[in-house]
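Common to both upcoming complexes is chain A, partnered first by chain B, then by chain C.
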Partner chain A sequence: MLASILASGLAVGAVYALIGISYNTMFSTSRVMSFTAGQVGMLGGVLGSLFILRLGLPPLLGLVLTLASCALLGVVTEFVAVRPVLKSLDQHLYVLSTLAVALLVQNLTALEWSTEPQPFPALLRFDEGIWDEKYWLPILACAATVCGLEFLYRRTLVGRAFVAIAQDNFAARALGLPERNLRIASYALAGAIGGLAGFAGGQLLLAFFANGPLLNFYGFVPVALGGLGNNRGTVIGGIGLGLFQQAANFLVGGIFSSVAVFALFIVILLAAPQGLFGAQAARRV
Partner chain B sequence: MSATEHSSAVTITSLPSTPSVLSQLWPFLALLSLALALPLSGNDYWALIATRAAIYWVLVSGLNLIVGFAGQLAIGYVALLAIGAYTSSVLAAGNVLPPVPAFLALGAAGVVGAVFGVVVGLPALRLRTFYFAMTTLGFATIVTQIALAWQDVTGGGIGIAGPQLPAPLNTAWGFYFFCLAVAAVCTWITGNIARSRFGRALVAVRDAEVAAEASGISKPRLLVAVFILAGALSAIAGGLFASLQSYITPDAFTFDLSLLFFIAVLIGGRGSILGPLLGTIVLTLLPELAAPLAAWSTFLYAALLLVIVLAIPGGIAALLDVRSRRPLPDKRAILPKLAALEALIGRPKVSGVLSLRGVVLSFGGVRAIDGLDLDVRPAEVHGLIGPNGSGKTTTLNVISGFYTPDEGTVTLGQEALPAGVPESRIRRGIARTYQTPRLIGEASVLQNVMVGATVDGRASFLEALLSLPRHRRDEALMEKRAELALAAVGLGALAHVRADRLQHSELRFMEIARALMAHPAFLLLDEPAAGLSTGEIKRLGELVRAISRQGTGVLLVEHHADLIFDICDQVTVLNLGRILAGGTPAEIRVHREVVSAYLGS
Partner chain C sequence: MQIKRRGLLLGGTGLATASTFGLARPAIAQSEPIRIGWLAALTGPSSAPAIGFNRGVLFAADALNAAGGVKGRKIEIVTRDTQGDPTKAVNATQEMISQLKVNAIWGPTNSGESLAVTAIMARANMPNIHPCVVDSLIDPKRYPNAFRIAPSSTQWDDAVRGYALNIAKAKKVAVIGDTTGYGVSAATASAAAFKKAGADVVYKTTIDATQSDMTPDMLRARNAGAEAIIVWSVSTGMIGRLLNTRAKMAWDVPFIGHPSLASGEIAQLLDKPENWKKVYAVGYRSCSYDASGKLPPHSEELVANLAGKVNLQDTLLWWVACGVDAVNLIADAVNATGSTAHEAIITHWNGLTNWPGYFGTYTCSATNHDGYPEQDVVMSDASSGRNGTFALAPGYE
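Moving on, here comes the complex of A and B:
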């Protein structure tokens, strides 16, 4: 049982961590938390199933198309729901505009795809107990994303520009960095990361339109625990959440595990509103 | 706009006057008569739809205070509807205890809802907007899952029968009239709160949190009271909902329903009662008008939400607010009536010297204040000047309790002022203004000023809810004082104008009026002359002098050297957080270091 808890906990934890990284990627360039993070995760599963199972495309092409579509949705989010409300960030209109876009995506999926969970194809036909691909694929995806992002942020010019914008938007713009284009790029990247989460976790979560709000919440928990914009904290938080949730799942049953996660989340947040690895916010007089 | 309209707008008489009671009330009365006439249709299907709208409004009316007034984005309120529905159904069915009468079950649901309203709301006191939205969303998911899993009590996926009201309320129209009555009461009580000092305080917390704290408003106490009310109303709505459905399963409480409630408030517009009421009616009717729309209803709601946020953030209420679109006369003068100050401030009760001793405050490695001693005496204007970054505003923030100094004390008379509790200052007679005016843009100037007297209110939340005599006396008194304060600073004619339509200079005087509402013993002014014309600066100077003659000590942070030397009794010059010089204006004017460091020769 311990092995199953570990395998499934690490797997869902990796999916949550990826959604969390998607939140962070959008937040870093725009200071906006977007409700679309969970929806691109949902779309990763649905589109993967659509391209590979329903249209019969090869898995690799399916993956590329899925990521491209999710990246496109990220860009659309930036144009429709983020840019128009950036001027008045303090009014928190982005909560409403991104919620609206997320709901549009979710309902369109329900109406045009299916309201029932649909199967997600096995990609590599590698299915032996806890070494099933559905367990290690998300972990692999998460590790690849983290390494890729580290490389991007540390070794490439574009990545350093991202970091500059995240640290001080005004100074970065004064230096002549194309802030708007970098923001669009970050939303595309966040969309692709979210899509990858849904695609890699497709066999665990299935292609189901209602996964969006679930991923929104469980992907947000590691962000909140790890501190906004802190990818390392998010990965630790995501894996921890996955293990805790799956352990509770096996020990006390599915529904009370969600209650346990929720209760723990609230208690930690009330005790440390800036997250376990985050910095205290300054006063605003 | 025609030429005649424009010419009439220039005269002072075209400024908005006090809105009459009837002009505010007629839309509600019209809706009520329409609702009362509905049975004439004789169509039971309409009874069902209208009952549903009334029940939704019972919930939305409470949620409106949280979302529309306090600006807290509670998106998962379907959870409280579910809690109310299950509590009343379980009690009425007798699954746990012996069955109780339907009305008692409804009441019990209200109590349980009030408790859970606070539980759901508590995170809002500590967490940021998006976090709070997420926790309410999470709560909504959890409640339906529990309803599904707790089969012995809730019937799980099979469901449970809703409470049945006794005759004559068990017919379609009988139940409709009952729900309509509850909805009307909800409109009345939430309207009472909206117009009370509690309603103004909620909006102040939303739009000008810093000014709200300095006006003595305690956000936690205020929000908890509203969460209790909204929770109770939502759960009662849940009980009625279960009764209307006659049978409930967890499927009845989808997130789509939560969205309907939330969007009804936003479509209606923030800070309005009529707007969200219309929003609720529209959203309830929308899927009924065209059957094919039913499947697309949530999609439509979401599209509507996007359009509202991007195109008309003010919602229906802003569209209906014709008064605020009429032009204001563009040549307005601020003419303070100094004679009114006597009646307004009286003689401040609290006295003694406001003293800072050895105050040190660092931000990271920077010492913003570095061992400051300062005495501000009653009836004296004390100027605080110095270059940018010398610690002037930081000093004000230490005195008003926003910053906790690393070392040193702030005392008023014999009493030490606790650090980090800005809400406590106004009761000790310390009021202030801000470098950038902190205003409630959507409220009238009069309401903005009335916020300054929030702590003067005697009536409790419950008294305000039911509009009892003590509450009405409070309100009449505050309104009179606010009119007096506006006359004193010279904005009397603009009392009923939306504050965000004022010019910058007028906002500065409005902030002074708000600060004067508290009979301040000490008044802290942060660059009140910034952005004022020469004539306005002169009148500001006279006003500040006159205020100090009433016995109020004024601490004036300013860059206009002329104003400082004109009206101050004492001047302190700061540089890099330390005192560079102190003394009378005459002494400072010739102080060599001050002249070279700051004034210039």
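Moving on, here comes the complex of A and C:
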């Protein structure tokens, strides 16, 4: 039982963490919580299955095309749902606009793909049991993403520009940083990360249009737990969520596990509204 | 010739007088087509059943028309695609009643739409036959116009319980539903019926269809001593995961339940084809083949008639057969009564006794509008699908 909780919990937790990182990446350059994150994750599974299983492309090419398509969706989101409402962020219109795009993506997928879950191909056929690739592939993808982002933010000029925009948008613009282009790039990056989440978790979640709302929801929890914009906190929150959810599945079962997850979530937010790893926001007085 | 106002007035008055005395009406009525409204979810999610029904509907209408129609009147199928949306079904129903003036309506083919339109049809006393399973859709007092020619959910439940207790000889069962409204209510009703029948429901749960790992629930069912798993879900993803988990646990417990257990979508979600063995789904005797691979004679006759005209490879025979029966039932009512009046059709259906359809032999009365025979609801070997038919589950004669 413990092995099953660990294998399944870590895997699904890694998928949640990646979706959380996708939320953070978009938020850092736009201050917008884009609810397309989960749908991009869903598309990662659907497009992976489409390219590899239906069209018969090699897995690596399938992965590249999936990430490129999801990055493109990220850019479209920025143009269609984010840019028009940036001037009135305080009215939170982005909630409606990004949800609208998310619904559009979900319904189009249902109509054009299938309303039934479709299989996702085994990429490596490594082993069965708890060493099945469906358990470790999401963890590997999550680790690779975290390392890649750390490298990007700390060692590259573009990454430092991202950080600058995230820390102080106005100051960064005053220094001549191309804020708009960087925002577009961050949405493309977030799309690719979300797509990677769905691709790596494809065997676990299947290529299913209804995964979108699930990932939107459970991907948001680690963001809130880890502190908005804090990727390390999000990864810890995601992994913790996956493990707790799977343990609750074993201990209380069925729909009650969701109740347990969200009861704990509310308790944590009551105790630490800024998230477990988030800093208290300073307010100018 | 110049048309003057006086001439026009006189002509109009003459025409009105003639029609008042009913001079032209009988001739027109006898040559008018019999209009059958067909509420079909032909596109959108859950369109597969309606596509199958539609093939039967068109086949039956073409066959009747090719034979000269009914008392010289052609069958006209008036189809509206409801896309599985109750709102669109309501609009289409109102259009059929008030504008298209159809003589009877076949459909909708899913319970969500039917729940929305049944009362509307009842107010118009529109003769209606449908294949939807929700029990409350049939109530001869509230809806004297509505008839069902497919099993109700109670009949499904009875068949599943009967097979589990009497043929599979399982006395301890685990009942699993999904978290949809249907899944929860079906699992609850099924568990209650098992208990009432003296069985021990050792585990009952509802599972979110998107849950990625079914091991916890299957472990609980096994630890509780379940001898059969009763499944009430239309989610092929959930069913596929449950079957894969059963195989990983090396547990050969039988799965018995909803027709979706036999859905072709499941095959591609299984780790191995043999994971689909010992799975028994609700099926129908008329569309089940025996050990020698033969369907009942009446069904063999239908399949022979359909050959080359209707594709059965990507649909279920019962959908096609039920569509054929629906059109034939309406045509038979008009033929027997010589009328397309609503009341005449309804009265005729109230007197149906062992009416020999292809899908079933229907019997209705003024107090029973559930026309499908209960004994014809049987269990099928879920993995034995062949041209829309299934093998009878083991244990039937």
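Rule of thumb we're sticking to: the second predicted complex is superposed on the first by the 280 of 285 C-alpha atoms of A that agree within 3 Å, B and C clash if a C-alpha of one lies under 4 Å from a C-alpha of the other, contacts with A are read in each partner's own complex, and residues count from 1 in each chain.
Keep in mind that, in the parts below, contacts are C-beta pairs under 8 Å (C-beta built on N, C-alpha and C of every residue); 3 or more make two chains touch, one makes a residue touch a chain.
What you see is a predicted model; the values in this text were computed from it and never measured.
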(message) Please determine, from the superposition on chain A, whether chain B and chain C clash or fit.
(response) clash
(message) Quick check on the superposed pair: does A:255 touch chain B, chain C, both, or neither? Answer first, second, both or neither.
(response) both
(request) Identify the partner contact of A:33: answer first if only chain B is touched, second if only chain C is, both if each is, neither if none is. (result) first
(message) On the A-aligned overlay, A:214 touches which partner chain: chain B = first, chain C = second, or both, or neither?
(response) both
(request) Using the touch definition from the top, say if A:116 reaches chain B (first), chain C (second), both or neither. (result) second
(message) Quick one: is A:204 in contact with chain B, with chain C, with both, or with neither? Answer first, second, both or neither.
(response) second
(message) In this superposition, which partner touches a larger number of chain A residues, chain B or chain C?
(response) B
(message) On the A-aligned overlay, A:85 touches which partner chain: chain B = first, chain C = second, or both, or neither?
(response) first
(request) For A:3, select first, second, both or neither according to whether it touches chain B, chain C, the two together, or no partner. (result) neither
(message) Under the stated touch criterion, which partner chain does A:267 make contact with: chain B (first), chain C (second), both, or neither?
(response) neither
(request) Going by the overlay, flag which of 75-83, 147-155, 255-263 or 273-281 in chain B ends up clashing with chain C. (result) 147-155
(message) Just to be sure I follow: which residues of chain A are touched by chain B in one complex and then by chain C in the other one?
(response) 111, 214, 253, 255, 258
(message) Which stretch or stretches of chain A touch chain B in the complex?
(response) 33, 80-81, 84-85, 91-93, 95-97, 99-101, 103-104, 107-108, 111, 213-214, 216-217, 220, 224, 253, 255-256, 258-259, 262, 265-266, 269-270, 273, 283-285
(message) Per the contact definition, I'd like the list of chain C residues that touch chain A in the complex.
(response) 44-46, 179, 205-213, 215-217, 219-220, 235-237, 240, 248, 263, 265, 268-269
(request) Could you pull out which chain A residues touch chain C in their complex? (result) 1, 4, 8, 12, 110-111, 115-119, 128-129, 204-206, 208, 210-211, 214, 246, 249-250, 253-255, 258
(message) If we count contacts the way the header does, which residues on chain B are in touch with chain A in the complex?
(response) 71, 73, 75, 122-123, 126-131, 133-135, 137-139, 141-142, 145-146, 148-149, 210, 255, 259, 266, 295-296, 298-299, 301-303, 305-306, 309-310, 313, 393, 397, 402-403, 434
